[in-house]
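Two complexes, one shared chain (subunit A), two partners (subunit B, subunit C).
And now, the complex of A and B:
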């Protein structure tokens, strides 16, 4: 018989259904209560903070309600618009870049011998699991102007030295590159797994019909991989929106505000300059942005648990 | 024809080497710099040198090990407790249709995607009010938010893939639902459970944003020490790279153990890629 409450077919009697539901609710409560309590407390407090001014550091007892003053101040700052733009552009650039690099890497790796492949996969995994902060340290060492290894090669090969983290556009390029480095691992793994799942006969048939390598990719592989790639891009977009650690350690949002995404702006205004209320406005904008983008993963999840 | 073939296979070799360089060079270069004698740290032309432990000695003298001890405590407590709470909830979500099931799931994934920097400000206030600022407890509390949601999302995928008939058989033989969960389902899902444990541990071990702004002195974890080596007097690359190496070494080793689950860990099974 099929029980209306439990998933799928069940041989447990109806008499037990009540007991089962009680177990389910009992099991799900601690996690839900913990997450709900903490997130609602944090969110309502964040919202409240946007309307407050905390004069000396974060002394809660000296708070003052200032209405929309924080909002008007934030939006009268010229950097705010730039931060908003960066927070939109950064995830998109990172996702596209990571997809291109990851796809090419997957193409290179997919047809290697089964003995070599695990070594490749291990290498691709490495940037994914290295903490973003440590990645920032590693690349800061490479991008160093005076003794960085990148400038060392550039100076020897082309006689140029670039002030990577001290000038606006190179710094932006550098922090984006670090994220692409990391995310291309994720994209590469996903593309690789999806490519391996494709039936080989398709490509054999195509090559017998005279399709060359590029045509096979364009007309067979890409259409078949499209759904997976799309979902991976959605997940990557949301993840890149969180970028903070590596930018913090590499440039702290500078020079000027060249790499100051909303997350960095929240830190610079809210913590470094101690204006908690205004920082909270940036944080609120960022979370609203994240909630909008998380609609993608939510739809994926709902489809899976239907 | 023969030359063309040789040419293309050489191009392939170069591409393969390129893949390794792209992914591994930053890691290699950091580890190599950490092993350079102090005089060579600022010299990129030095590729071959006798390794020295100068950087490590300098790092250890600043008390990095005790910071790692704190990280270990925070990560350990977070992992154990969120794994327990989270996998119970994951089991219920995977097996039963109870009221608000989808709402709970949606909420979990929304919380999963809130940027940590946004929660810094309210957590800072909460920590001051509850007098938890600069203690491990505020960190453990903050990490639970993500650790629990991650565990629920990841483990419910694993539990869903285990056939229910296994539990039914046990329950017909007189096992309770909890007994069936503990004795049948959990052991079958052991691989996934272990992978989840490792991912949660890695997260709590290397988390930076909360640790940086919710602690000041007492409860600093090892990632925060990295920014300390970037003082006003310039960056002390020797100890900095040494600390980085010590910090990522356990991460890399643990990842090697659970590499089969890495895609699931990154997407919590949201992507259905057959493997």
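And now, the complex of A and C:
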């Protein structure tokens, strides 16, 4: 038995949705094409530079093709392996740290009274809006062994003075801490927005059924938030891979090579030392690492949406 | 109240007018009139790094602008970033800057790559360069080394410097220690004072990775060796025993400093000394003014100065410093040169010094009115130049004479810093650095 009135309306509804989807595709196509073409062009140029000898300041016409010489030089430096390891571990540590802090802060904010909420939100946004170069200068002063406020409190409270930026491990800890401080804001905002969109009835029902706070988080909140958290982690991983500003200001990749991530090596060799070919090799390795590090989470995310 | 403010405004304007119309000698006035007629209303941009010399030029700028009508904007970044800024602007060809503050370490590279203008045609044109500028009065040691490339002038020195030692006279007198004259005595004194009093370290200097460490290492490099590169043959000798010895010595000396000295540039080193945290400081003569400035230094009245120490290979001193050069991309080269002439001339040399500038001229260093302000400082300066001249007598330059000097310094400084951190022994550091240098030079 047909229902011409309702079925007709249903058909019109589907047609409208299809029309909207087509419009959306057309709307984003120009920007998508531009981004893809630009990415291909930049990556191709980077790849080409890896095979050239091109000291900075020398004109493009004086470039020389040197084959794999730049790759050989880069991988013959023992520091390269350390930079590779650091660049792999650093974004993972920062992402996990920022997620933990951001998630906890969002959990506190979502359960607070409306009057306190703006204060907490402002507190997690402030690190996001400070330019990372300025933040690096600020934290460099805070971590200063002789004059820094951190050692002032440590010395007065615990009679301890730590050589924050002059020793390898503390320096690495310091730059990771600063990145977590900054990135927690982004993670916190994403988690907060996602938490506020969750239906409260689920938690009320769970509460009635006897689930405590932690059980509600584990069995209801986290599974529902998982796609959003995963997306935020992918973005944070890629951002942390390219960390440069605050590390450059605080340690310039030192002391020694303690905080010399691939991003800093690319700058030091390519720009500061003027060896663009070798610097491009570091940048290429960093790009490949970004693809590797983000591949797993992206696959997981695709499965979520299927 | 309103009348008081009005009165102050009038007095201020009269004062400015007075400055603008202060009686200048006829030849200076003629030059000013000529420059004003050509360039009034032009704005030039000076790309610089924070430095006592730039502070002095900024203080002199209002008078220059009032006289010539040329407005001046200063763009300041860190010393390492400055070079990158210059190359970025040159590659883009935007003419973003007119005057470039150029380190003596970079001038050969800049000349090679066409970043800056050769100045001979400017210097030989009496209309552009009047007699009261007096190029010959500039210290020949600076003029012929850090400002010139293969005999051709490319810059005008603004802050020529050597490297010498500042020490805490009060501490040395208190403990009866003789001020050091040799490298051995310097190390002994640094070890003696390190931790001698709460919060006191023995020694500070620049030691951050890269060019900072290398620049510090150069303080004593020639006291032990003939440098990283044989200046006659161009061969890399950075892994020879004398160079390794120099690095061992420098690392041991730096280890008498604060625990985070491996991150120190000249600013942190000077701050530590000015805060009374170190007994000895070894750095640029151009910064000496900060150490004895009551507004900046807690120990301004306790500072003595010494020339560089004598080492196993002899007695040598540094010759480095900053220049003003004209950007080859500048759209206002005439105005840029007028600015350089005014700021660095013999006519304004004493004014420059009074504003916190640096002694670059023979006439200034020989002026009793100047030297009587701090006889010990000027005596140490003159002895330091004597030490620096010893290197020139050997036919050598303090800064490695190659257009790749920045790369040399960056490589040596990276590995030197790793030796300081204990990641490598000095031998390993020198061997690895030498291998990279040979790759850099294609040897």
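In this section, the second predicted complex is superposed on the first by the 233 of 306 C-alpha atoms of A that agree within 3 Å, B and C clash if a C-alpha of one lies under 4 Å from a C-alpha of the other, contacts with A are read in each partner's own complex, and residues count from 1 in each chain.
Operating definition for what follows: a residue touches a chain if its C-beta (ideal position, glycine included) is under 8 Å from a C-beta of that chain, and two chains touch if they have at least 3 such contacts.
Given the structure is predicted, the values throughout are model-derived calculations rather than measurements.
Asker: Between subunit B and subunit C, whom does A:205 touch in the aligned arrangement: first, second, both, or neither?
Answerer: In the superposition, A:205 contacts neither subunit B nor subunit C.
Asker: For A:222, decide between first (touching subunit B), second (touching subunit C), both and neither.
Answerer: Neither partner.
Asker: If we overlay the two complexes on their shared chain A, which of subunit B and subunit C does A:96 touch? Say first, second, both or neither.
Answerer: neither
Asker: May I ask you to decide whether A:34 touches subunit B, subunit C, both, or neither, giving the answer as first, second, both or neither?
Answerer: First partner only, subunit B.
Asker: May I ask you to name which of subunit B and subunit C touches more residues of subunit A?
Answerer: B
Asker: For A:271 in the superposed arrangement: first (subunit B), second (subunit C), both or neither?
Answerer: Touch status of A:271: both partners.
Asker: Counting only touches as set out at the top, which of subunit B and subunit C does A:137 meet: first, second, both, neither?
Answerer: Only subunit B; A:137 stays clear of subunit C.
Asker: Go through the superposed model and pick first if A:230 touches only subunit B, second if only subunit C, both, or neither.
Answerer: neither
Asker: Let me test your reading of the model: by the given contact rule, A:286 touches which partner, first (subunit B), second (subunit C), both or neither?
Answerer: Only subunit B is touched by A:286; subunit C is not.
Asker: By the touch definition above, which subunit A residues appear in both interfaces, subunit B in one complex and subunit C in the other?
Answerer: Shared contact residues on subunit A (touching subunit B in one complex, subunit C in the other): 58, 146-147, 271.
Asker: In the complex, go through subunit A and note every residue touching subunit B.
Answerer: For subunit A paired with subunit B, touching residues are 4-8, 10-12, 19-21, 23-25, 27-32, 34-36, 38-39, 41-43, 45-46, 49, 58-60, 101, 105, 108-109, 112, 120-135, 137-142, 146-149, 151-152, 181, 184-186, 189-190, 193-194, 196-197, 228, 231-232, 235, 238, 241-242, 244-245, 248-249, 263, 266-267, 270-271, 276, 279-280, 283-284, 286-287, 290-291, 293-294, 297-298, 300-302, 304-305.
Asker: Which of the residues in subunit B end up touching subunit A in this complex?
Answerer: 12, 15-16, 19-20, 22-24, 26-27, 29-30, 33, 42-45, 85-86, 88-89, 91-98, 101-102, 104-126, 128-129, 141, 144-145, 148-149, 152-153, 156-157, 160, 164, 168, 171-172, 177-178, 202, 206-209, 213, 223, 226-227, 230, 235, 237, 240-241, 244, 247-248, 251-252, 255-256, 259, 262-263, 266-267, 269-275
Asker: Considering only the defined contacts, which subunit A positions touch subunit C in the complex?
Answerer: 55-58, 73, 144-147, 163-168, 251-258, 268, 271-275
Asker: Flag every residue of subunit C that touches subunit A in the complex, lowest number first.
Answerer: Touch residues, subunit C against subunit A: 80, 84, 87, 90-91, 109, 113, 115, 199, 208-210, 258-263, 271-272, 275, 277, 404, 406-407, 410-411, 414, 417-418, 420-423, 439-440.
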